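Data block below; observations after.
Should a chain be cited, it is by its letter among A, B, C and D, assigned in written order, with residues numbered from 1 in that chain.
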Amino acid sequence: MAERQLNFNEALNEAMRQEMQRDPKVILLGEDVAGGADVEHLDGDDAWGGVLGVTKGLVKEFGRERVLDTPISESGFIGAAVGAAVTGLRPIAEMMFVGFMGVCFDQILNQGAKLRYMFGGKAQVPLVIRTIYGGGFRAAAQHSQVLYSLFTHIPGVKTVVPSTPYDAKGLLISSIRDNDLVIFFEDITLGAMKGPVPEEPYEIPFGQADIKREGSDLTIVAIGKMVHHALLAAEELQKQGKSAEIIDPRTLSPFDEETVLKSVEKTGRLVIVDESHPRCNMATDIAATVADKGFDFLNAPIKTVSSPHTPVPFSPTLEDHYLPNATKVTAAALALF
Amino acid sequence: MELSKEQLVWMYERMQVIRVFENRVKVEFGKGKIPGFVHLYAGEEAIAVGICTNLTDADYMTSTHRGHGHCIAKGVDPRGMMAELFGRATGTCKGKGGSMHIADMDKGMLGANGIVGGGPPLACGSGLTAKTNKTDQVTICFFGDGASEQGTLHESLNLAAIWKLPIVFVAENNGYAESTPAHYHCSVENIADRAAAYNMPGLSVDGNDIFAVEEAAQQAIARARAGQGPTLLECKTYRFFGHFEGDQQTYKIPGETEKYQNEKDPITLFKDNVLSRNLVTAAELNAIEEQVNAQIEAAVQFAEDSPFPEVEETFTDVYVNY
Amino acid sequence: MELSKEQLVWMYERMQVIRVFENRVKVEFGKGKIPGFVHLYAGEEAIAVGICTNLTDADYMTSTHRGHGHCIAKGVDPRGMMAELFGRATGTCKGKGGSMHIADMDKGMLGANGIVGGGPPLACGSGLTAKTNKTDQVTICFFGDGASEQGTLHESLNLAAIWKLPIVFVAENNGYAESTPAHYHCSVENIADRAAAYNMPGLSVDGNDIFAVEEAAQQAIARARAGQGPTLLECKTYRFFGHFEGDQQTYKIPGETEKYQNEKDPITLFKDNVLSRNLVTAAELNAIEEQVNAQIEAAVQFAEDSPFPEVEETFTDVYVNY
Amino acid sequence: MAERQLNFNEALNEAMRQEMQRDPKVILLGEDVAGGADVEHLDGDDAWGGVLGVTKGLVKEFGRERVLDTPISESGFIGAAVGAAVTGLRPIAEMMFVGFMGVCFDQILNQGAKLRYMFGGKAQVPLVIRTIYGGGFRAAAQHSQVLYSLFTHIPGVKTVVPSTPYDAKGLLISSIRDNDLVIFFEDITLGAMKGPVPEEPYEIPFGQADIKREGSDLTIVAIGKMVHHALLAAEELQKQGKSAEIIDPRTLSPFDEETVLKSVEKTGRLVIVDESHPRCNMATDIAATVADKGFDFLNAPIKTVSSPHTPVPFSPTLEDHYLPNATKVTAAALALF
């Protein structure tokens, strides 16, 4: 029989529903994660279920004591999520857009990420922060950011970036069951993308990259939505007689160096596709690892395809020019031969 | 102080420009002409216009994600604004900013802001500039009821208070932050009640009554210009449309919007008031309406006819030099 | 409610432990035995101890950079604390945290904090845990007058108010934030005056009078346990030493410290009070003093004799698993 | 005659004094940058002059209208500095420790750094944010951070990290005269370090690396205090017959790729020393650049010497083990031969 298909958002919703059913310590909080708090005629039901509807229906099933709408006080409620995690709950906090992280950055950088270490291991922070990231929505400079490189830099934080509905469900379940601070990145344009998703709960271990396509002539490491650009590029490259292997790290911290190094050992060529701004980003992180530990495998320079060192422009013509795409990936790959 | 006929005409014209602009943006957004997010100001016109009645281009303003009305009231050209929303090269920000980032330094408009609570600290900055340069420039800082729970507001109110900065903090309390009612997210009934926590005057007025807004603003602005420090002015209002285009608004009480549109439309209230007092004639108001409709029609045409920016523009304006 | 003799003895003993601990830390720091920054609590003992008189180990506490007194009042072992300050493996945090990061989960002590204003959001979290689990655990959130200008406090007060969290926010107003007087950085005279901005009870008491602190805290704690929500309690006090060791304190009014030490020492005030009321005898108090001196002496010995952590410890405790 | 010697802090103080004398638009604000605000007996004079005394004496010369003590409201006053810069002043804001940046991160990430771009070039932000960074002070996890990699990632921000009193004065003057948002990093342990510093004001252009030592066998790029570790390592390497060229980028954004690439072309070997946490940091940024544009020059893997992926520990034994030092640099260099 055909596998069940869910879209990205449905997969995320199911992951949270199943985990909240399994473990009463799991709670959800954020701005309008339900919506319509204290609105009588809604009778406790949600008005929004999150700005993109990802948490729709959860308040109906679990009630307002476990699905909490918050004021626009990100330092307050992200810090509260950290404090709740340290004292025994397992919160899933929604930070609407990753671009807003600046208003609560300290509670992640200096509290959530460092408490365990500063306290000599006596505390743990089982917290998941879900957030929307990425361009293509014409949402302009503040609402189209990527920023996972900033969080990958921070010891004590784990960073997860799914590229398919299947990975989204499995990685979110793993994040909720994980005992550390996890920041879970959801691409703003992939919500409606469909794919096979098993009904029962399942985990995808952190630090295990997924080879989305086997190949022999070059390795393309791509993150999140970039995986789909890379897959398109691979088709084009195939036509030109070049077989590309596509690796999706799925988690950036921890990062699966081994799978990447093994692939480069086989192919001798590497292109990294990362939607971030180019400086100190994930692409440079991976390139540095390979330039050290995989230097002897390389037959060509390491190419990175990233967004330019400019904020994200609003106008569609500019944003399309700004973002990485299959054509840019193909060009970078061909430059290696 | 009595408002001159010139001022009354200006007020009506500005409110109409905002209303017609926003209604048209809604239509064009529906047609897919305007990309991204748009947050409409319709229903709240009396606040921006009432506040700006006593300002000049030299005065500063910080705004929010719902900034079209603030821009228009401060004198930003609707043609450039519409072109900006359309993402065109002729836009106020060359099409680089869009709805949430319209700014016009020549008008003292320091920018709409996609970050809730992002504006108040910036307002302290323009206030500090005016104080340091010993000018009488005032800064207006608009923020919503939802933004009043943001820490940046608290820090800015305290900073403005201890430095006696020439700022008027204007809380636009439209009853909701997205789908969340103010009576849930805010621990006090009136945001203005928080003024006492900073030892500054606080006042709560009917934000749909432009005369009430103008009068309160006039005093706060005079106080700021005189170097007596900031004021927190709350204007209670209501947004006629959703939080952003696409919002189903199931959180609104059934009939709530209609009630406000029928009984509390700031433009209707103004019209009834000035006509009943024979301060302006119906003919004069009609003339304004026609002129405004033509102006917005022309603005849309201008936007439609304008080119998209050259792709090279992607890389400019990041730094002055690099 | 009358304090039992047992409680009075506990209060005196705790205040003495804090005082002797801090005085000794000052000495050891001077000798170069304690690296980094230390912020001493001497002079403010009545607050931490008065607040903790009605707490159990199950209750939570968030603290500040000036956290030694809070820890001791909450029952954290001074031996482990001293070893932590010495950077030894036997320290409360294995020597990884130091003075600004002492925490002890078993005592509900959620950590000193090097970030001013870092604690209040965390306090909302432990408050939320207690509320969600329907326990009667209370969270005490200590912060200074300087921290009261931090946005995180505003956000936390509002959040605690609308969620009716079982928290007592304790403002330790010692008149200075580093070298900056509260009358400069704070726009209101009493931090407790800000409680009204969150629709919660606010009270300002003499923080050097442990009986005043205990009484106010008792009510606030009872209110929190009863599910009636948070309270903002301001305790006015004074720090006997500099902001941190090395501070020249030129900002203090000449004679100010001596005046407080002579007329407002919380330990002397307590002593005079209980002796005059014949609640405890001088002999009993002396015995406590001797026992405390011995205890702190032993703590220093323990720290001195303890090994430094193994270098492998550098890499552990970052994640539960990675 | 012998050149005048100043220590690092004196050089910074002189740079600010001279610029404030030159341009009345330059103001200074931050917590206790003067200290003792409204304290009568001080009669307007400072109590602290900054937590490390770097701004001592400036309030006496320029008055409280141009040297402003702030409340502990970093979002408030950093945002105010941005707003003041946009409206015509040229503020120098002091953000005491870089580890505190989390509490005002949004005002930098989404306001100061993006305004000019979002406004289509109609605004400029001539703002300098001075901040203390780095380990070695036994200041523990929150007060010993480096974090310049986070800011280098952000378009619209310039990042400056001086390693000597001479560079400190020249780069700070250039920062104050620059019309963009500059974050100026001051190492917590270098304050008392002396060196020759000319009396008259002078600028050091951004994006121009300085070769602190000429060499032929390998290139060591080192940032801030790491330059001194690298120079010590170079001595040791010389003894072992290896000549190291030491490059100090001085500014990370903009970054002088050319000087680094030219050096690697000559030496064929590269070690990068960066006190940051290892993930997505400046060392990976430089490594990625060379692995792409300088690939053909390389005769060996690119080695990076950074701090580990853990918060900074308090205990001296642990912190000494944690931080990069000359021995670690020497070992990394020798591994290339």
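Keep this in mind: a contact is a pair of C-beta atoms (placed from the backbone, for glycine too) under 8 Å apart; a residue touches a chain by one contact, two chains touch by 3 or more.
Given the structure is predicted, the values throughout are model-derived calculations rather than measurements.
Relative to chain D, the most remote chain by averaged C-alpha coordinates is B.
Averaged C-alpha coordinates give centres for chain B and chain D that are 40 Å from one another.
Distance from the chain A centre to the chain D centre is 31 Å, each centre being the mean of its Cα atoms. Our note on geometry: chain C versus chain D, Cα centroid distance of 35 Å, whole angstroms.
For the pair chain B and chain C, the distance between C-alpha centroids works out to 45 Å. Within chain B, the positions touching two or more other chains are listed as 91, 93, 95-97, 101, 114-115, 149-152, 155, 158-159, 162, 184-186, 318. Residue positions of chain A touching 2 or more other chains: 70-71, 73, 75-76, 99-100, 102-103, 106-107, 110, 117-118, 140-142, 155-156, 308-311, 313-314. Taken together, the touching pairs cover every possible pairing of the chains.
Chain A contributes residues 31-32, 35-39, 41-42, 47-48, 51, 69-73, 75-76, 99-100, 102-103, 137-143, 308-311, 313-318, 321-322 to its touches with chain B in the complex.
Those residues of chain C lying in contact with chain A across their complex are 60, 62, 91-97, 101, 103-105, 110-111, 113-115, 118, 120-130, 132-133, 151-152, 155-156, 158-159, 162-163, 316-322. Partner chain B is touched in their complex by these residues of chain C: 149-155, 157-159, 161-162, 184-188, 193-194, 196-200.
Put simply, chain B touches chain A in their complex at residues 35-37, 87-89, 91, 93, 95-101, 114-117, 146-147, 149-152, 177-181, 183-186, 248, 250-251, 253-254, 308-309, 311, 313-315, 318.
Those residues of chain A whose C-beta lies close enough to touch chain D in the complex are 75, 99-103, 105-110, 113-114, 117-118, 140-142, 149-150, 152-156, 253, 255, 276-277, 279-285, 287-293, 295-296, 298, 300-304, 308-311, 313-314.
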